[in-house]
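To start, I am sharing the structure in question, which I have written as structure tokens.
In this document, chain identifiers A, B and C correspond to the written order of the chains, with residue numbering beginning at 1 in each.
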Amino acid sequence: MNPLYKWIGDFVHPPKEARLDLGRRAVLAAGLAGVGAKLLFGIDPQASKRSFNPALIRPPGALPEEEFLARCIRCGECMKVCPTNAIHPASLEGGVEGIWTPILNMSVGYCDYECNLCSQVCPTHAIRQIDVPEKKKIKIGLAYIDKNRCLPWAYSKTCIVCEEHCPTPKKAIWFEEAEALNIQGEKLTIKQPRVDPDLCIGCGICETKCPVKGQAAVRVTSVGETRNPENQILLSPDSFAEG
Amino acid sequence: MRMGLLSLDSLSAAPTSALRVPSPQPPALSVAHYKSSPAEPDGIAEEARRLTRQAIDALGGMNRFVSKGNVVWVKPDIGWDRRPEQAATTNPDVVATIVEMCYQAGAKKVLVSDNPCNPARLSFPRSGIQQAAEKAGAEVIFLDERKFRKMSINGKVLKEWEVYQDTVEADRLINVPIVKNHNLCLATLGMKNLMGVIGGPRNRLHQDLGSTLVDLAAFLKPRLVVLDAVRVLTANGPVGGNLADVKRKDTIVAGVDQVAVDALGATLLGYKPESIGYIAQGNARGLGTIDFNSLSPKPIEV
Amino acid sequence: MAKKKKTSWIVWLRRLTQTGFFLLFCYLFLQTVYHPINKAGRGVTFFFNLDPLVALNCWLASHAFVGAMLLSLVTLAVTFICGRWFCGWVCPFGTLHNFFTSLRGGRAKQKIETGAYTQWQKAKYYLLVGFLVAALVGVNVVGWLDPFSFFFRSLTTSIYPAINKGLVALFTWIYNANPGVGPVRLTAVTEPIYGFLRKYFLTAEQPYYWGSMLVGVLFITAVVLNFFRARFWCRYVCPLGALLGVVGKNPLVRLKKNEEKCDSCRLCLVNCQGGATPENPLEWKPSECFYCWNCQSDCPAQAISFTCELRLEKKHDEPVVQVDR
């Protein structure tokens, strides 16, 4: 018989030392553990499509969550390449299944407006390869002002550093000129920042640069992310300024 | 808001100078304006270079500001990850011309740097300034964290602040800002641009920009301010991004009085200088004069 | 025991190749960074593209296949023929474990004990089955233990930031303390070195990553376990090694022993990396062998060799076709 066919046949009926000799029961147990993992992950509220973790902010270009988790190999390439140190390995934000997948942590870094490096390096395209103009149209979250901590709102002090840094061509942070009293009882005109939910893409530079330490007075959560039609608050979530 | 062009007639007409004996002192302020408005982007490079050269020459040439063997720190606005045509960063050809002129005046070393708001690795090349400055022979520096030192500012509000050591140790500081709208202080010009020389929690200065910027400007005292108004950002500044917000003013302002330069720059955007806090305070505290016309600014048509 | 002989040339070639791939991995790691303007560095995912475990899992879980993953077919094809050559010659994580294994002290007898085959080496196959079945039902978590993911992630979030922090602290201390005698200062030497490192090796800004402590501890544990058992990760944990073991369980390149020359000195076992029991060709396990060639190199009687042959009989001492290596 042709030696080549015999060699291939040996894979089907291996000789003694080529056998891996795995216990049948052990293999079955391992397989069941694999299925069990699926079930256990499936009962996490994240999978219910009703509950969304506000801290689960994925890089722009990330596929919808189920597909994302099925492709991401938790390699950390995106974390390494991100020039602003915005991408971090998740702990439990994406459930146990999402451990070490990439999430953005705006208190450490933000998503630079003109950058798409993470989408360039993802080996499995869990972060789709998108060019910069397309990336600018993707919302990864929405910023909200914490009026209890924001200097102009809470303390009648001048600031709007968030508005200063906002990168969208028409700024997604605008301000109201409001009259406020200071502690001496004098009337001041203070510029108080407001977020425009139509324009905000959730890049997070406002949160990163906010001078209020500890917990920024403007923070980004995942709501409004383009990749998840369920995680929305606006009636018509698709408006952007050109630029 | 009014966005009228600077009226050059008014500049030369302000003092009744027709019969006055010319002052022996060199001019403190010059305004160079390009007669035509060349198309983007190629014509602008030539325009920027000629305007810069003429504006500085009108003040007596770079030799007035840079001596032989000097180490010069050139401080453009490289604050944002933006392209030159978006007018969020200083025109690279303006920077390159200044670098060249410094070397021609005998400078030993010309350093170009900034402490930007976006990462330096991104904003330096995207703005075109890194390439243009290096080509002109400058040493483009990415700031070293270790070299920020607490210094006594002794200002009205700022007592001590972290300032970059090498900037202060340089023989000369040349401030090269770009004229931009800024929603907090109306306009960001020369004095605001000096924030790129300090470290620490800079985002706290905004609580009193009127005072803190004057404190900084008084401490740093740039030898020369060259205000880039070839392109100006008229809205959504200082970051911009929308090309529709960029207007061509085809002007360069050069001067030694920080307040006067900023006051003149403010009018280019249509703002009244006295409505800008740090300009008014700079004038009040004697840092410079808000009445730029009193300095007999020298207008140059190129 | 016979005197140690000169190391075989093929072992030197293997070490050179390992070093080359390791340096390539480190180089690609450092290249995974911003390049002006807005470019990530070319080919930085090369090792992930070579990895058939990644390709298989992604395909099973998401039915998607990225073009670059075709490179993994090359890995599989060569494994069919040459067994787990990848683990012995290419895998940079394996090289790291190889290095720490070689740092083990102890006499030959201890090394034989910690290097012998154990049944626990089957654990990685069960892990592989678990991962593959999970992927089949849509759960792709192999990235937790895939060697390149593990290594790259550990370097990114923990090891490299720590090295960066340490080096910057060292040079900052020297800069601030400015030690020296008179006009001769240490900084005259250290500052140019620091400038060079900043340009080519260190990060622009110190990175910080949430959860880096856990990743770092796991990495150090994996590395330290090599003192407990030779190439611990590769033998007991690595699901890629398991996949390659399955694919390479009946290779063409086989270990052959000349029984007449062998005097059972067991020196071949001292440095066996895979625990493949080379001293008895009847028990030699191709799915555990990394083809490191240490056994052939160490054998004082030159009794061991690797040949390329097709096995025709279920009994393996009568090969009909034999091609010398």
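What we mean here is this: a contact is a pair of C-beta atoms (placed from the backbone, for glycine too) under 8 Å apart; a residue touches a chain by one contact, two chains touch by 3 or more.
Since the structure is predicted, the reported quantities are computational estimates derived from the model, not experimental observations.
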Chain-level touch network, classified as line, ring, star, complete or other: complete
Innermost chain, taking as reference the mean of every protein Cα atom displayed: A
For subunit A paired with subunit B, centre-to-centre distance based on mean C-alpha positions, whole Å: 39
Inter-centroid spacing, subunit C versus subunit A (mean Cα positions, whole Å): 32
Separation of subunit B from subunit C, taking each centre as the mean of its C-alpha atoms, in whole Å: 56
Where subunit A touches two or more other chains, by residue: 83, 114-115
Residues within subunit B bordering two or more other chains: 119, 121-122, 126
Contacts with 2+ other chains: residues of subunit C: 34, 38, 204-205
Subunit A - residues contacting subunit C, complex: 3-4, 6-7, 10-11, 14-23, 26-27, 29-35, 37-38, 41, 66-67, 69-77, 79-81, 83, 85, 88-91, 97, 99-100, 105, 108, 114-117, 120-125, 132
Of subunit B, residues touching subunit C in the complex: 119-122, 124-126, 130, 142, 144-146
Subunit B-facing residues of subunit A, complex: 83-84, 112-115, 151, 157-161, 163-171, 175, 191, 209-211, 241-243
Complex contact set, residues of subunit B against subunit A: 81-82, 117-119, 121-122, 126, 182-184, 201, 203-204, 206-209, 236, 238-243, 245
Residue ranges of subunit C in contact with subunit A within the complex: 29, 32-34, 38-41, 44-45, 48-49, 54, 57-58, 61-62, 64, 66, 68, 122, 125-127, 129-144, 146, 148-149, 152-153, 155-157, 204-205, 207-211, 215, 245-246, 249-250, 252, 282-287, 310-312, 314, 316, 321
